[in-house]
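Each of the next two complexes has chain A plus one more chain, namely chain B in the first and chain C in the second.
Our next item is the complex of A and B:
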C-alpha cells in the first residue's frame, strides 16, 4: 500500500514545502526585485564599472601603447620591486604568522589576550602611521638613525624600509586566518601524535600543517594581494626614487600625476588582474576548506 | 607494567584537581577510574600519560620515575574521548603513524603487516582506506584503539573512550574491550563517569570524588561494601535517612526499631541502604512502618515509594518489592533493612 501511495503523495508534500517556504518570504515580489536590484546596481556601479574602466583606459590607445607602457624600464623596475617585496613579506609573515597562531592557540601564557589584540593593530591603524613609525625609528632623525648612518645602513628611502612597512601592514592576514582555525581544532591531535612517539617537528609537519593547510593558503593569498597593493605605508618610507624604490602602486600614482593615463592604467591593469586571480584562487580554496571541514 | 602513583597534587588556578592521590596499579590489570566530572580522574590519567605535570608527587612505571620523561618516551597508548584521529589520513595511515615516526625505522612491509594485523584485531580491516570522517563513532574509536596499540604500549590509557557513543554501541564496545584486554593483558587504565561501564569492565575500580580517592576495590566490593557515604551515594541507588548514633545504636523511627550503628561514632549520622536491601514484613513486627505512596514498574524493575515516620519527621523510602506481592497506594506495610551502613554525618557549618 505504502509503495503505491508514495508517488501520489510526493507532489502534494513537496507542494506543501514550497508553500511553507514561500510564506517565510513575506516580502511582496516588487520589494524583492527592488532589493536585489539595488544590491546588483550598487555592485555594478561601484565595483564592476571601475574595474572595467581600468582595462578600457589601459587599452584606449591600443595594445602597442599598452605593452610599451609595461616594457618601460621604470615600469619593469617597479614590477620587479613589487614582486620582491611581496615575496619577502609573504615569507616573513608566513613564518611569524604560523608561530604567533601556534603560540596563541596551543599554549597558555600571561598576556595572551593582549597579544591577540596587538596582532590586529596593523588593521586598525592608518597605513600612513605605519609608514611614519618606521621613519621615526630608522630615518635620519630617527632613534636608530645616526647609528645606521655611521654603519652605512640604509633602511628608509630604500628597499629594507619598504619591506618593513609592508610586513607590518600585512602581518595580521596569516595569523588572523589561522587563530580561529587552530582554536577550533584544539590540541588533541597533537597530543595523540606525541603520545605515539612523534617529535615536535614531526608533529607539526605531519599533523598540524596538513590540518591548517587551506587556511594557510588563504591567508597567504590575502597577504600577498595586500603586499603588492599597499600604497600608504610604502609611500611614506619609499622616497619615490624612480627605478629604485618605486613599487607598482607608487609608479601608477606618479604616471597618473604626470597625465600619462594609458601608462598609469596599463600598470594598474596588472594589479587589477592580480585581484581577479586572487579572487578566483580564493573561491577555489574556500570550496576546498568547506569540503575538508565537512 | 606496574604503575605507582605517589602523593600527586595538582592545582588549576585556585581549583585543586588532585589532592595527595596515591594509587598502585598492578601489571596486566584493567583499572577503572570512576567519578563525577571534576573529580580529577582525567587529570590523573593525563599525568600518568605525561600530557600534564603534577605540582607535587611521583609516578613510577615498574619502579622507574617517569616524571622526568616526556610523553614521547613513556611508550603509553592514549585513547581520547573524541578519538583525536588524524583527519587528513586514512585509517591505515592513522594506525601506521606511531610506527612511522619512531626513531628506529620500521620497513614499510613490516608496517603493512603490523597495521593489517591490528585492524584485524579490532575488526575493521575492511575500512583501511577510508578517512575518519567516513566512519561511525564506534568505528572511529576502534581505529583510535588500534593506533594506540600499534606502538606496543606498556600502558594503555583510555579517557572516556565510549563517552561520545550511543548506549547500545557503548555496551558492545566495552564488552569487546574487556575481551581484547583478556587477550593482550596490557596494563590499562580506563577513565569513565559511567558506573555501569566501570563495574562491568574493570578488574578493580577506583572511585574518585573532589580530587581524592574514595575507595579502591573490585566491582563487587565497591557495590556491596562502599567505604564512604560518597561511594554509596555515587554507585547504584541509595536510600538515605538522617539518624543519631547513641550507645552504638541508631533509631530509625518512633516505633522503637533499634539497629546496630555498625561502628559509626556517636553523634549525627546517616543511614544508607539500597532499595533492594529492604524486606517487606508484616505490620506486627517492630520494624519500619510506612504507607505506600506510589507503585512504579519499568521493565524488570519494581519500586515502591513508602512514606515513613522517621525520627526527624516524614521521609520517603524507595524500595523494591517481590513478584506476587501486589501493593496498592495507601497500603500500610512494614519494612526491614536486611543490609545497610551508617556513616557519620559531616558537620554542617
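Our next item is the complex of A and C:
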C-alpha cells in the first residue's frame, strides 16, 4: 500500500517542502512590493529620468534644430577630434591590456597583486588630477616645459596632451577586463600548444584569443566609451581652442555655458546614444559568455 | 652545454614553458611607468619645491579647506545614500521577480557609460527651478541645482552602480541553506535578515561604499554644471584645482592635487583590504 502510494504522493509533498523552503526565504508581499517600488523609483529618478531628459531637451526645438546643431562646423570638428582621440587611446590600451594580462596571468612572479594595483591606479585618481600631472610635466612652467618650447613642440593645449590624458584615464580598462578572465582559464591550453611546437604568437592568436574574445570586446567598448566621454582630464590639458582642441564633452560645456541648450543636448545625445549602445552590447556579450561557460 | 645554460636564465623567469615573460613584463613595466607612474611622480616632484610650511599654508587657506571639506563630506554622504539604496536595489534585482527586471538591471550601469558632462547638464536641466523635478521641489521651498544639494544629487548618480555591482554577485552566490537554517532554528524573517544576511553582505557592501566614495571625491564633470560653483559654498576641490591652474597659481593647484591623490591612495589600500576580506568571507 505504502509502496504504491509513495510515487503518487511524493511530487506533491516535495512541492510542498519546496514551497515551505522558498517561503522562509522571502518577505511578506507588502514588503516585497515596497522594496521593488523603492528600487524602481530610485533607478527611475536618478538614472532613467536624466537619460530621457538628454533626448527630450535635444529635440525640444524639433528635428531641424537638432540636426543643424550637429552639422555646425565646430560640432563636426569636435566629433572628428573625439573619434581620433578614442581610436588612438583604444588601440594603445588594447595592445597594452593584452600584453599586461599575458604577463600577469600566464606566469608566476612576486609582487603580482601590487602590479595589478598599480595598473588600477588611474581609476582612483580624480580626472582633474590626471590632467594636471601632464600640465606639470609638459606645460609652460612644467618640468619639460622649457625644453619643449626650445624645440617648438606643443603637447599641452594641443592634441598630444589630450591623447596622453585620455590614455592615462582609460589605462586600466582592457587589462582589468582580461586579467580575471585569463586567470580563470589558467595556462594548461597554452602549455599544450607550446609543447606541440606552436610559437608564442600563434599560441596567443589561436588558443588564447578565441577564449578571451568576449572579454576583450567588452573591455574595448568600456575603454572607448570612457575615451569619448572623458571630460575633467581633457578639460585641463586641452586649452578649449574651438575647432582645434575641443572634444565633444568640451564642446557640450561651451555650448551649455553660452545658453545654447538645444545644441548642447544635441551633441550630448550622441554620447548618450553611445552609452546605451555600449550597455546593449555589454548585455549581449555577458549572455554569450555565460552560454560559453555552460 | 646544459650546465652552462641553466644559470644564464633570468632569476625572475618562472619555469613555465609559455614564452614571452621577459618581453611582455618589460613592455608592461615600461608603459606603466611612462603613462602612469612618472606623471604621478611629477606631482610629488613639483610639491617638493614647496617648504612644508608653504604647503601647509596652501592647503589650510579657508577657500581650499572649504573645497576639500565639501568634496570629502558630500562624497561620504553620497556613498552612504548609495550604500542603503544600492543594497536595496541589488536585493530587489536578485531576489524578486518584477516586470522589466532585466532592463532595470542593465540601466544600473548607465552612470558608468554615460559621459560625466552629459550627466551634468541633464541633472541640471532636471533640478533647475524651471526643470521637471526642480519646479516640483520649489513648491516646498527646496532648491537643489546651484546648491550643495545639487552636488549631492550628481555624486549619488555617479556612485550608484558601485554598490549595486559589488553586492549583487554576493547575493546571487549566497547559499539558501544559510537562511533556511536560521528559519528552522526559530529566527523570524527580520532576525534572519539583520543577523544572518546583512553580516554576510557587509564586506561587499562596504567595498561598494568605498568605491563610490573614492569616485565621488574626485568627481568633476557631472558636478560643475549643477553646483553653482560659489567659492566657500558650493565649490568642490577638483574645480578649485582647475581655477588655480587657470590663474597660473600652479603651486596652489599642485598642493590640492597632492592631498586628493594621497587620499585616493589611502582609499585604494582600504578597498583592496575590503575586497580581500570580502573574498575570504565568501
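Basically, the second predicted complex is superposed on the first by the 270 of 294 C-alpha atoms of A that agree within 3 Å, B and C clash if a C-alpha of one lies under 4 Å from a C-alpha of the other, contacts with A are read in each partner's own complex, and residues count from 1 in each chain.
Criterion: a residue touches a chain if its C-beta (ideal position, glycine included) is under 8 Å from a C-beta of that chain, and two chains touch if they have at least 3 such contacts.
All figures in this text were calculated on a predicted structure; none of them were measured in a lab.
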Touch check for A:79: first (chain B), second (chain C), both, or neither? neither
Just chain B (first), just chain C (second), both, or neither: which does A:158 touch? neither
So, A:195: does it touch chain B (first), chain C (second), both, or neither? both
Which chain, chain B or chain C, ends up touching more residues of chain A in the combined arrangement? C
Using the touch definition from the top, say if A:211 reaches chain B (first), chain C (second), both or neither. first
On chain A, which stretch or stretches are contacted by chain B in one complex as well as by chain C in the other? 191, 194-195, 199
Footprint of chain C on chain A - complex, ascending: 21, 24-28, 32, 35-36, 38-40, 42-43, 45-51, 53-54, 57, 96, 99-100, 102-104, 106-109, 113, 115, 117-122, 124-129, 132-137, 139, 141-143, 164, 167-168, 171, 187, 190-191, 194-195, 199-200, 203, 222, 225, 228-232, 235-236, 248-250, 252-253, 256, 261, 264-265, 268, 271-272, 274-276, 278-280, 282-283
Quick one: in the complex, what on chain A touches chain B? 188-189, 191-199, 202, 206-207, 210-211, 292, 294
Contact set on chain C toward chain A in their complex: 12-14, 16-21, 24-25, 27-28, 31-32, 35-40, 42-43, 45-46, 85, 88-89, 91-93, 95-96, 98, 102, 104, 106-119, 121-123, 125-126, 132-133, 153, 156-157, 160, 176, 179-180, 183-184, 189, 214-215, 217-221, 225, 238-239, 241-242, 245, 248, 250, 253-254, 257, 260-261, 264-265, 267-268, 271-272
Within the complex, chain A is touched by chain B residues 49-51, 70-72, 75-78, 80, 82, 84-88, 97-98, 101-103, 133, 144, 147-148, 150-151
